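The structure is given below, and queries will be raised subsequently.
Labels run A, B and C following the written order; every chain starts at residue 1.
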């Protein structure tokens, strides 16, 4: 993600200069022709963000002196196929996002909206950002985008809480010899007289990792509370992942476990293993992923993903991806908007352009 | 439309420089006091974009070398009278824009949201942009804005599809000796098992023109499919238009034909003829336009538009417009929010400021 | 509110230079941990803008020569805790903002969306901006933000019209020896056949003040029309306020009177008195405010607000505020999302970070 920095020269013009201060306008515009095939119906569509999520953002850093800095980050999803934005949630609960707005959904800074104070002791960050539930997508060479995205959940126990509002987070500083991590807490903001649901949307997590040269490994634990109903309940996610970068080849993988305390409680387990080969200006990607749960009938989905990205510059690439899923135990996961029957397969192809600024 | 270019100097600062790369923030803010009179009710309002549609946008070009470039364009409608944005459609069908949001409508990049690859062979453009149906507005000196906008449709067979989502377009290169044009295809993105409506919102068009010195002429053919109902059906539009620029005077006109295959199929025909006189820093505009259909009772509306624009600079103007419509065959077209009875007249006046950046 | 000016150097690059022309990207990101306590329920939340409203904006000025300039201002509310925007109104009436959108509310330029022509005779400003009703918040050291905001209304007779759409305003020039002021008119834009409600949302006001060195005083009169119902009716607001700046200490206060012609007409009266002490890089604030009405049972709320702001730079501060309200006559005002019973107290605390760019 490259960017245009409105940096110190400009800040000097307006009299706000300090050596490290800057405000940056940045974004990614990524569109792909997508085809999905399933046993019930196929679909052809123009999709947004099949290589990297389309977005528009504003961020800045102010040097406060003494090793301290203040910063902000506003990042909106942009659906390049339609021009629409994406919704956020006010309270990390279903009540906070009333209904899908389709073509009337305006831009929100739902991808990230934060203000931070940073020192050599770390960063205090307030606002909306990734929850710890999100980090199941870090060791996916498809970056959780497009037809090739790793199959590391089933249904959507965590999809609404990969990003959370009302978050207070502490991030470790970057000077710990490769150790990185964070602790986050997010608030559902319910009144104290809300009874059984008063903790709904409250949650938090811990992430700890080590990046030592070519090797990277991390462990994340996350939990968000919901009063138990047919579709909601406490969600506890554990993710462990690792990556090793050889010179032109890297391998990565992770294991994910979700405990979901709906009325009929179940456990989900899955993960992926992937490799990336750099070939000239290109990159070949292959991944196997799967996820299954202990819910009645034990639904499970297995996925093979193949991709090629050809870089035209540091900022621009064309790409193609292919993926195929196999469902069992009643699962009906289908790709690229296609519809597939229980225990049937689905496949899909993406062909796209990704441009960053 | 002038603009602020965050151009190569800045890109150099952030280390992304290449000679032709740039990111531009641009926009138009245009507000007018508008008065409309009709036989049923009059209205006084502050309107947005009566000379040129109010907007805010971000666009950029990256030189990829070898005559190739990548570019993006994000352009949002802004209603300056209220601060609201404008909606888009997810699928070029009524289902893609659920309901009018009024004052809660946030910004979307519904005017344009595209990513492109361009070479000497032309431009491949993906995203949301004008459909070929739009080009009926090119030879209107009022630019399809304000009380004076040409009356080249009746009711709204094409208003929802002047801009389309999920478009794949090819634009001819600019080095063809004045010949210009495009081919576009847009997708409704329906599942293949959607039955009679599976092609709804699919469409496309071809546009071809020639600009030779003072003379410009173009022909556009567009079609979008909808299963036939009382209000929807295949729409096929044909437009031919031309302009001739004398030194201080220009004339222009066009002819439009729409075939609309609703349950009671009908054909609409119309067009406009207009002249523009440049007088010092000012511009006097006059236009006659009309549109009628073969639907029961043969509704038809005829319109006279007069306008004056006084340029205070290249970026800023004040303007005034007057228009009057005459309805027949049961038509009830009224101007500037007034309400008029069947076969009654309506008139309106705009007085405004337009500022571009 | 500091800003990044994309100023003359840039405009020169794009060939649009004139000495004073500039376009500015600006904003404030302010987040606070907030706790509210009431007799019915407490609440803990992450709030946005508890010191200064979070926002993102674009504004610019073009020098037209001869002492004239054109300018625009687009300013959106940003809820940093969620990334959502804030709604506007199309017509200054309840019908113009259909329903609360929660997490799906996109960005609108509801804080301000204007285009202006300015000369030595003053400024003509068209669009959405503060109404004259707003100026009850000028002499509040908490700036009408956060738990400490002055209690100068009860219920919400004026909250929907502190900012109005469809406004035509004239602002006095800045060269009148400290005299400042404005006249504004805003339109409800109803059709002339709307009967009793045809003037709903129409209104206007006058503001006149004098700023002489350390002393500032102003008087504002505002009125907006609504057909009389149980909850709506003509609202007439009068505000008089003053401030005196000693070197490290300033005092300020105002008196507010609202006449509300609902079916059961009533009058509201209130005001505040406040002091600010500047202590090194910090600022201590204390305020007493109260507001009561003549409606049945004569509801009244009294409030004590205390705050401390510690400036880390001109652009960044950390802050803490405490406030407590006492209700009588059936009033139920509660702080920071808490819920309190009739005639019960409520208190709240804010701890936050404010960063401007």
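Here is the rule we use: a residue touches a chain if its C-beta (ideal position, glycine included) is under 8 Å from a C-beta of that chain, and two chains touch if they have at least 3 such contacts.
Keep in mind that this is a model prediction, so the values were computed, not measured.
Counting every residue number used by either copy at the chain B-chain C contact, under half are found in both chains. Rounded to a multiple of 5, the Cα-based rotation taking chain A onto chain B is 120 degrees. Chain centres here are Cα means. That of chain B falls 37 Å from that of chain C. Counting partner chains per residue, chain B has residues 6, 9-10, 25, 85, 100-101, 105-108 touching two or more of them. On the side of chain B, the complex with chain A involves touching residues 6, 9-11, 13-14, 16, 23, 25, 58, 60, 62, 64-65, 68, 70-72, 74, 76, 85, 87-91, 95-101, 105-117, 124, 126-128, 165-168, 187, 189-194. Residue ranges of chain A in contact with chain B, taken from their complex: 2-10, 24-25, 27, 29-33, 40-46, 56, 78-85, 100-108, 312-316, 318, 337-339, 352-355, 357.
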